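Chain naming follows the written order as A, B, C and D, and within any one chain the residues start at number 1.
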Amino acid sequence: MAHPLLAVQGLYKAFLLHLIDGRTISPLQEVSFVVEPHEHFLIYGRSGIGKTTILKCIYRSYLATAGQIWFASQRFGRIDLVQADESAILQLREQEIGYCSQFLRVLPRVSALDTICEPLYRQGMARDHAQAIGRQWLSQLGMSPELWQASPVTFSGGEQQRINLGRAFIAAPRLLLLDEPTASLDGETKQLVVEMIRAAQARGTAVISVSHDLAVLGPCADQQLALL
Amino acid sequence: MERPTDDWLLRVEGLSKRYGPGCPSCSRLTGPEAGTSQCPRCGTVLACVAAGLSLRPGEVLGIVGESGSGKSTLLQMLNLAVKPDSGAIWYAEPGGGTPIDLLRLNAYSARRFRNDRLGIVHQRPELGLNMHFSVGGNVAEKLLLAEWRHVGKIRARTSELMAQTELPVERIDDAPGTFSGGMLQRVQIAKALASRPALLLLDEVTSGLDLSVQARVLDLIRRIQWEEQITMLLVSHDLGVIRQLARRTIVMKSGHIVESGLTDQIMEDPQHPYTQLLVSSAL
Amino acid sequence: MGYIAARGGSEAILRAEELVHCLRLSGGSTPLLLPQIRDQLRHAVSRAMHEGALYAPLLAALAVKQAEGDSIEASFLLRAYRTTLSRVMATLPASGREMACLRRISASFKDIPGGQMLGPAQDYQVRLLQPLLAQEDDQDVARALARYQELVELGQPRPTAVGHFPKVADYLRAEQLLVPPPDDPLEEPFDLTRQALSFPAPRSARLQALAQSDTGSLMTFAYSSVRGYGDAHPTLAELRYGYLPIRVAHPLTGLPVTIGEIEATECEIISKAHSVAQSDAPPRFNLGYGFTFGQGEVKAMSMAILDSVLSQARAGSLSGESGPAANEEFVLLHSDGIEASGFTAHYKLPHYVTFEADLRVLERARDHHAATQERRLSRLVAQTTTEEPS
Amino acid sequence: MSQSDEQLYTFGLIDEDAKREIRRSLLKAVALPGHQVPFASRDMPIARGWGTGGLQITLAIITPTDTLKVIDQGDDASVNAVNLRRLITRTTGVATTVDTKAATLIQSRHRIPEERLRSDQILVLQVPMVDPLRWVEPNLERATVMHGEADYARMWVYMYESVVKAGDLRIASQYPVIVNSRYMMDTTPIPRWDVMRLHMAETLFLFGAGREKRIYAVPPYTPVAPLEFEDYPFRTEYQPGQRCARCGAEESFLTSHFVPGPHGGGAWVASCSDTSYCDQRLTGQG
């Protein structure tokens, strides 16, 4: 393989806060690393050290202040996610890069099934087909069928996180970004997450997770990056 | 920088509109920094200055800004209802049509284009509907301009649209005046969809509605977007509405586009001082 | 075949005309002479002239006589006559400043330069019928003439001012309290007799149309705009009535030559004005202008109010709900008395053909209604029968 | 009387300038079939609304060798027709006729004569209301823009509403048509029976509205299409089995009138509205 799947070079992020007298805060000092296909790359460190900032810069929810993030895209070839135009990013989000936030942000009045299927709909999969896959995922995640048509707004934190993870994994992206995937989960579900990561790797997905939960995710990581 | 795609439906370049005679100081004394779009010297309003944007087929673009920011002027120019002073609105029919500059169409062709390829939903239903005609007649107007000449077929299509927008089909012949605010927005949506437009323009469609009604109208718009994969341009002062529907967002202030980006980036990492203010006020 | 439809025919029309003529004289009273009408029915003559848009007092008196006092008919006769006249030349613009005033009042200031002059005003008359008028004779005429002389002596102006007064509007304009006139005054004015009105209309077209409009219509529109269906707050800057010199350019020298004078009423109304929204100019009053041939004060005032309202409507400086009087098309297209009366009266013409067509359509609509009712009924019957299981 | 008229007035009453202006407007109207051309519209000695538009066109194009026919409601002897004919002949001295075939110039109110008109004839129609869009847009400024953009959707909605509310197209007369696939035109209050006789006709039709100050035209061989739906087609007043009570014509426009009986009472009968057509059929039959 000529290029790694993802090469982060000199990534730096600062926020200029216009409303607070133009003060600048920089949660993330320069960071560089490389992620290979199929790899599980774990970033750990105490909270507030900028772990999430890295993921958001990769996903372009944040605009990096400096550095490059080279991604080996199937659609566009080698592309710098810092500079790529928005429509390219949107296409990459649909087809190649998934993101699982720490908390599920759901659209109100949309059922659990539709929520989990949404990435498949976006990829243009037929509704029936997508929902068949969605149901499989929901039962694997241990969601009882009477909840499938309900809105996740009413779910418990653990249930919401399961939906959140399912949504991220279902699309089988080439790169999956997980933000504290085991937070607010019980031990059994934490193990489920580890299995899901392994299964995704087996299907060809590279995973970058950020966590302070080294005990659970450490053993299944191929590489680790500690932020100090 | 990569140019990954030229696949766009609409491409707007340097679109400007001013009201008033203009003077040499206009551009210096207006804009986001000046905090106004009206020139204090000559009174000219620079409603929209050199706006540029592009829309991919099937995408939803949000335009957010306070009243007077120029977002409605921009929308009305795209609706070919307000003639810009300069700029171009390139349109490429999905599936590889030759791009045309909509501003170069003659009045007749512009009218036809507006009817057949655009749909608009106004904040105030009386701007989009003729209150003297029945609901069915209002929806049928677009079909009639597109030369549908069979009452039976027109009513069948109108009924279909009413069902799609969750309107009671048996009330097809009732006057709009007997409908509630939320239902009137549905009627407007049904009318906008009648010609299967390439682009749907939504102007503050839920402002002024009760919260629960607002939610249902937004759900409807989202569902239609899913089902029809229709390209939408959504103007709102409400970031919550934009967040629910749009994946890319443009922020306008005093006639200028001050920031544009992915909606989550605008929300989580706003760059422009005004956007930061907007986001912080919304949360 | 025994069927012959009722038909008008030439004979009937001629006889109808003769009957009208005879009926006027059938009472056996002394026929009216034109000077009597001109002098004693002054307002009828004025009205025929300003609505007929022709200044010709004796012809107007003839029109009033022929129309038997019907003001719209009299103005119609004058207008139909006017159209046959060839145009010799156009007069130079006449200014009310040069009017030799018989009357001149302002409601905006108590004292105005030159002073208030009531002149011949009916305004303060107690409206009691005067039975003695019924028996006027030559002696009364002589007495009135003598008294008129005395009154004229009493009101004799100082030798310095021969009835020419400065204008209140000029004073306001000098103080920069008035918006500038909307149109370039050098522009060739619109000619209503040569061009069809189209909208938006230039102000010169508006003023011409208003000047020849029906007095009652203008009064109604103006009244509505000040009463509750509009945003007009008029103050009478000045109303003057008197003799206005008329000049033409001498065909050889080009110098202005006075060819005569006309009796006229001129009115200027100022109204609470706002500066136009997108302008840094300070707020100013708006000025509306009214003018009639002869003495026509209510019409001149109504015209000035409407001119002001329409100017403001066009400039977008009206606030609040504005009624029909702020709609230029609506006002100008519906206030010409001759057009309005003609069209209203035309419904006296036969409409057999259109009525027959209407009848056919009504029959179809009634059939449709009956069918709908029947369907509704049978549905009802069907419902009731299904609700009661047999 | 006619002596003094001749001294006071020119041939055709109105002055040559006015005639030229009307003829220019007519040329423009012919060049843009169905389009409303503004003209000054002089004051006439007959009332506004009583045919001043048609009258001005007739006076602007009439020549001393013309043979004139004037009808109202199809009737040469109707009061208004008599009145207009009297004015035109008094100021021009042209020959008049009641025979449609013999006329070179026909001025009419509300009807097109039953006999097929020829290319050497001109029909002038008196128009009360000009703009077919007034039912949906009374404001002329806005209606003019709608004509400019051929934006007739609202008028079509009006037709649709007519079907929905009355079960059929309920416009009786002044039926709107599209002329030459471009402009929507008011057909003056001619009955629907006459509307299709404008289509691809040999004759020049001129329309004059004096009070509204507009002129328009349907030149020979111009397509004229009434507004209709595929499932609700345009229909004329014709009823199968109809028959003129006077001449027995089965294909003509009839109007009803009351005929008193010899011993009091009477009956409603229908006969041809075109009286000269009816009379000729009677004499032809002997």
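Note that in this section a residue touches a chain if its C-beta (ideal position, glycine included) is under 8 Å from a C-beta of that chain, and two chains touch if they have at least 3 such contacts.
Note that the structure is predicted; figures quoted are calculated from it, not measured.
Asks: Taking contact as defined at the start, I'd like the list of chains shared as neighbours by subunit A and subunit B.
Replies: none
Asks: Can you tell me which chain pair comes out on top for contact count?
Replies: C-D
Asks: When the centre of a chain is set as the mean of its C-alpha atoms, what distance in Å lies between subunit B and subunit C?
Replies: Between these chains, centre-to-centre, one finds 48 Å.
Asks: How far is the middle of subunit A from the middle of subunit C, if each middle is the mean of its Cα atoms, in Å?
Replies: 79
Asks: Counting only Cα atoms for the centres, state how far subunit A is from subunit D in Å.
Replies: 77
Asks: Between subunit C and subunit D, what is the separation of their C-alpha centroids in Å?
Replies: 32
Asks: Quick one: in the complex, what on subunit B touches subunit A?
Replies: Residue list for subunit B touching subunit A: 1-5, 54, 56, 59, 215, 219, 222, 226, 244, 247-248, 260-262, 264-265, 268-269, 271-273, 276-277, 280.
Asks: Given the complex with subunit B, which residues does subunit A contribute to the contact?
Replies: My answer: residues 15-19, 56, 60-63, 75-76, 79-80, 83-91, 107-109, 121.
Asks: Enumerate the contact residues on subunit B facing subunit D in the complex.
Replies: Residues 107-108, 110-111, 115, 130, 133-134, 136-138, 140-142, 144-145, 149-152, 154, 173 of subunit B touch subunit D in their complex.
Asks: Could you pull out which subunit D residues touch subunit B in their complex?
Replies: So the residues of subunit D in touch with subunit B come to 148-154, 156-158, 160-161, 163-165, 228-232.
Asks: Can you check the complex and tell me which residues of subunit D touch subunit C?
Replies: Within the complex, subunit D touches subunit C at residues 8-9, 13-15, 21, 38-45, 47-50, 52, 72-75, 77-80, 82-83, 86, 109-111, 128, 139-141, 144, 166-168, 170-174, 189-192, 211, 213-214, 237, 239, 245-247, 253-257, 259, 269, 271, 273, 275, 282.
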